[in-house]
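Labels run A, B, C and D following the written order; every chain starts at residue 1.
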Amino acid sequence: MLNFSLMGAGRIGKMHAKFIAAHPKAKLKYIYDVNSQFAEEVAKSTGCSIASSPEEAISADDVDAVLIASATPTHTQFITMAAKAGKAIFCEKPIDLDINKVNECMENIKGINVPIQIGFNRRFDASHAKAQQARIKKEIGELEMVVITSRDPEPPGIDYFLDTAMFILKSKKGVLIHINNSRRAVYGYDQRVEVFGSKGMVISNNQTPTSLERYTSTSTNEKEPIHFFFIERYEQAYRDQFNEFVKCVEDKTKPLVGFEDGRNALIIANAAYESFESGKVIDIKF
Amino acid sequence: MLNFSLMGAGRIGKMHAKFIAAHPKAKLKYIYDVNSQFAEEVAKSTGCSIASSPEEAISADDVDAVLIASATPTHTQFITMAAKAGKAIFCEKPIDLDINKVNECMENIKGINVPIQIGFNRRFDASHAKAQQARIKKEIGELEMVVITSRDPEPPGIDYFLDTAMFILKSKKGVLIHINNSRRAVYGYDQRVEVFGSKGMVISNNQTPTSLERYTSTSTNEKEPIHFFFIERYEQAYRDQFNEFVKCVEDKTKPLVGFEDGRNALIIANAAYESFESGKVIDIKF
Amino acid sequence: MLNFSLMGAGRIGKMHAKFIAAHPKAKLKYIYDVNSQFAEEVAKSTGCSIASSPEEAISADDVDAVLIASATPTHTQFITMAAKAGKAIFCEKPIDLDINKVNECMENIKGINVPIQIGFNRRFDASHAKAQQARIKKEIGELEMVVITSRDPEPPGIDYFLDTAMFILKSKKGVLIHINNSRRAVYGYDQRVEVFGSKGMVISNNQTPTSLERYTSTSTNEKEPIHFFFIERYEQAYRDQFNEFVKCVEDKTKPLVGFEDGRNALIIANAAYESFESGKVIDIKF
Amino acid sequence: MLNFSLMGAGRIGKMHAKFIAAHPKAKLKYIYDVNSQFAEEVAKSTGCSIASSPEEAISADDVDAVLIASATPTHTQFITMAAKAGKAIFCEKPIDLDINKVNECMENIKGINVPIQIGFNRRFDASHAKAQQARIKKEIGELEMVVITSRDPEPPGIDYFLDTAMFILKSKKGVLIHINNSRRAVYGYDQRVEVFGSKGMVISNNQTPTSLERYTSTSTNEKEPIHFFFIERYEQAYRDQFNEFVKCVEDKTKPLVGFEDGRNALIIANAAYESFESGKVIDIKF
């Protein structure tokens, strides 16, 4: 049994509280949120205790793991505290928007050997994962191109992605990667990954809530809009991600997505931004 | 809070045990199964008690509702017992394969006013339900034809459907309905409903486990096989059906799918069989 | 070079005139139509002569082949005349709507060895033909079921199909075949063939005029209506059918679709009608 | 009647010879090709005369229009000759690979008022054209992004596209455009255009030769490879493009795709190349 403290009781925090409650080998012991009403809601629905401070939640003796779903600026601080307290850590992405804070955190926890998993939920999506496997198993031969579409129907929040943007990345081996982003996809949460190689292509395509198709005098094959919110589209991926974390901690194996992956994502995002500002190709060094 | 007795701890029974356990307003009190090992498995995973007889499970004072997922021949007996004990009843389909037993049961429970829901899970599937709504709201104009494909990848079990079969039904208003069944669909659990009217058509189409598409030198648009088992394809429908039952009992409203619907389905199946045997059109009278 | 007389200069006749004109090994010599204006239009666009009677068109010495696209009731008479004149014959479907006239025609031309092809254009459609090949090559294993959807957006004309209708046929080997027809498909000319066997299924699906897909705030994957008229949907099939006829005559091989196929189609249609009227299963004997 | 001289009798030239022959208002008078065998093939199949020199073909008094489908380096010379001879001009793309030669040609023909159309066949494709119209009519609201996939199954020839390449263009109004190219698409001639705006998206998607779908124990929805060669995929577009040229000359209207469009395409291609070489954003000035 893995006892959890949950940091943050907002939309994402509540989703994690549900996963912890549903998992046969996990138990939510403490919830902490600066907003006491949110914390009370989680406490009421799960029966956990409300911690009066981050320290109390993170350092509690009867806690094995800390799940960090609080506001982004608190992440590095909570990671550091949890690592020093010897707890297993699951932290929502991004680690931070400031690479200096991420590097400082990395320094602070150097040498501490606790499992750390960063919340890259898309990697646990069954369709995206099958595309990834097709690449790894060379079903599509040698990888040559990747085209990623990631468009959102929501108004922009505080995030490290630009509003409407396009990027090209080139890997050391010469693989070309295109990413396009938008925050104004009126038809839903458009999430596609196209992986192209010397022997073929796989596409992890969009998913509509139902499989209904309409045929009228003006159109055919009409489906419903794609899922509108990321929690609907990726709920199963979020759940599988959490289950994987519990399994890694129990089996004492290294999580598939670690601190370094989270740091690398920020380095890439920063390079994209620098390229956009300077109009130049930027070398990325991890 | 709705306290349940569950009759039957096989594959379907275990699925229902899970739904009862996961529902915030439901609690599993007793499990009964002639196979004591099955009963123990459910008792262990849910913490419920094992009833030593059907009577004990059904008549217990601390039980509000009976969920019948035992072998088909026991259904009418358990429905009658539960109705006489004043319990709300959810019974898996079919009520029975013998119309005489169904009619006798109907007589026995006549005048007893308890909620009874029959487990027609497909009606709770989001895609099929949207097709149904399109018909009711006349989005497709006047209904003219329905084509139902229901094919299974599993070897035939004891069921009231023929192996490979085709039917045509004609409603009183002249709507034509075609149903085709097979137990040898190697590509998965093929479940399609096509509803055609004067202003258009809606199709509730198949669903693949992921949205991956493959493109190779010999083929394009290739998807995975459809879900293979009915519990995979309809798990959400089974869950929504159970949630609806709990809601009906709590709200004291009539379940959407009652005893009569279950009886009518058997009358239609019998007519199909009679038509098959005699080579004649059969009049169906409910 | 194959010299043609064309009987009938209506919509279908004009289409055939175009195919004859475009074929490098065919030449249109005579057109005959009771409507002299129609005949003049074809003569003007192709440079052929106008025959003053069916006899003149059919018996002309410089004519090798007769293409019959006139009104259905004239078909058997023209087939008989052309056969007796020793001409190769292409006749549009149906041969006739009266089986007695078809049988009489069969008697009259018995022993005359000229190529006769009946215009079953669907058999020359590339998609339907690939489905047929998949069946013949046992790609789908043993054939078990066929589901044919044939719906039309046009108001009913004089034809041998019922308006809205459903049929089930059973072959000697036990294969089940379902056909459904409508004349009120507002979304276009809906033509699907689904062939199901022990190792899988092939579907010859619908075709939209373009591959455009629309995504809006209310729908996704929306395509245009399917082709609306049979000449649009099957133009290439009609062309390939004509080319095949020319090839058969030149190569002295038997056409793929002969008089007997046309007669069998009528026998099946009559049996369907009789079944509909009597409410009974009808044995079909060819 | 529009009399044509055709320059070039290779694969593309032969396709154009066929279109000229099939057009009711066009006639092929002369063919010229440095390869006399090719010229003879066209002369034989169409009945046209063989010109002994470009001058003879282009300057002939009985010629109204010159169709240039010869090797790229001859294009500017033939355009200049034809313009000076007062002939209408259709020239295959590209005008030339050297912007200096294109500019020189532009100077040489300045002030000469003959219709010039450059062979941008994709613009005449019905699906791409519908996507374009959806943009122009603001069906998708304000244009924000375009994603163009143009991949080829053929080994690279002499062309002005790079082998495997990705580009991003930004219009003056801020619209972002991504193009990706490959010459190693084993699954066929992959040609997709995705147009995204504030009110939705349209996709001009790929087209398979037939509408057959396969369902087996290992896969579903499997279609055939996409058309493999550009003439198969775009034959109708090539034909419509030619018909449009004849119509423009007859109606004395300006062709939709003129010399300037051809020049602009080269300027964009050069900028892409310069950006690739320098790793910098390049300003494009037309």
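The rule is short, and it goes like this: a contact is a pair of C-beta atoms (placed from the backbone, for glycine too) under 8 Å apart; a residue touches a chain by one contact, two chains touch by 3 or more.
Computed from a prediction, not measured in an experiment: that's the story for all the values here.
A rotation of 180 degrees, rounded to a multiple of 5, brings the CA atoms of chain A into register with those of chain B. The chain with its C-alpha centre at the largest distance from the centre of chain C is A. With each centre defined as the average position of its C-alpha atoms, the distance from chain C to chain D rounds to 38 Å.
With centres defined as mean CA coordinates, chain D is found 58 Å away from chain B. Note on chain placement: the centre of chain B and the centre of chain C lie 44 Å apart, centres being C-alpha means.
Among all residues of chain D, those that touch two or more other chains are 186-187, 199-201, 206, 213-217, 224. For chain C in complex with chain B, the touching residues are 144-145, 147, 149, 151, 164-168, 176, 178, 180, 182, 184-187, 190, 196, 198-201, 279-281. For chain A in complex with chain B, the touching residues are 22, 126-127, 130-131, 134, 139, 199-207, 209-217, 224. On the side of chain A, the complex with chain C involves touching residues 186-188, 206, 208, 213-226.
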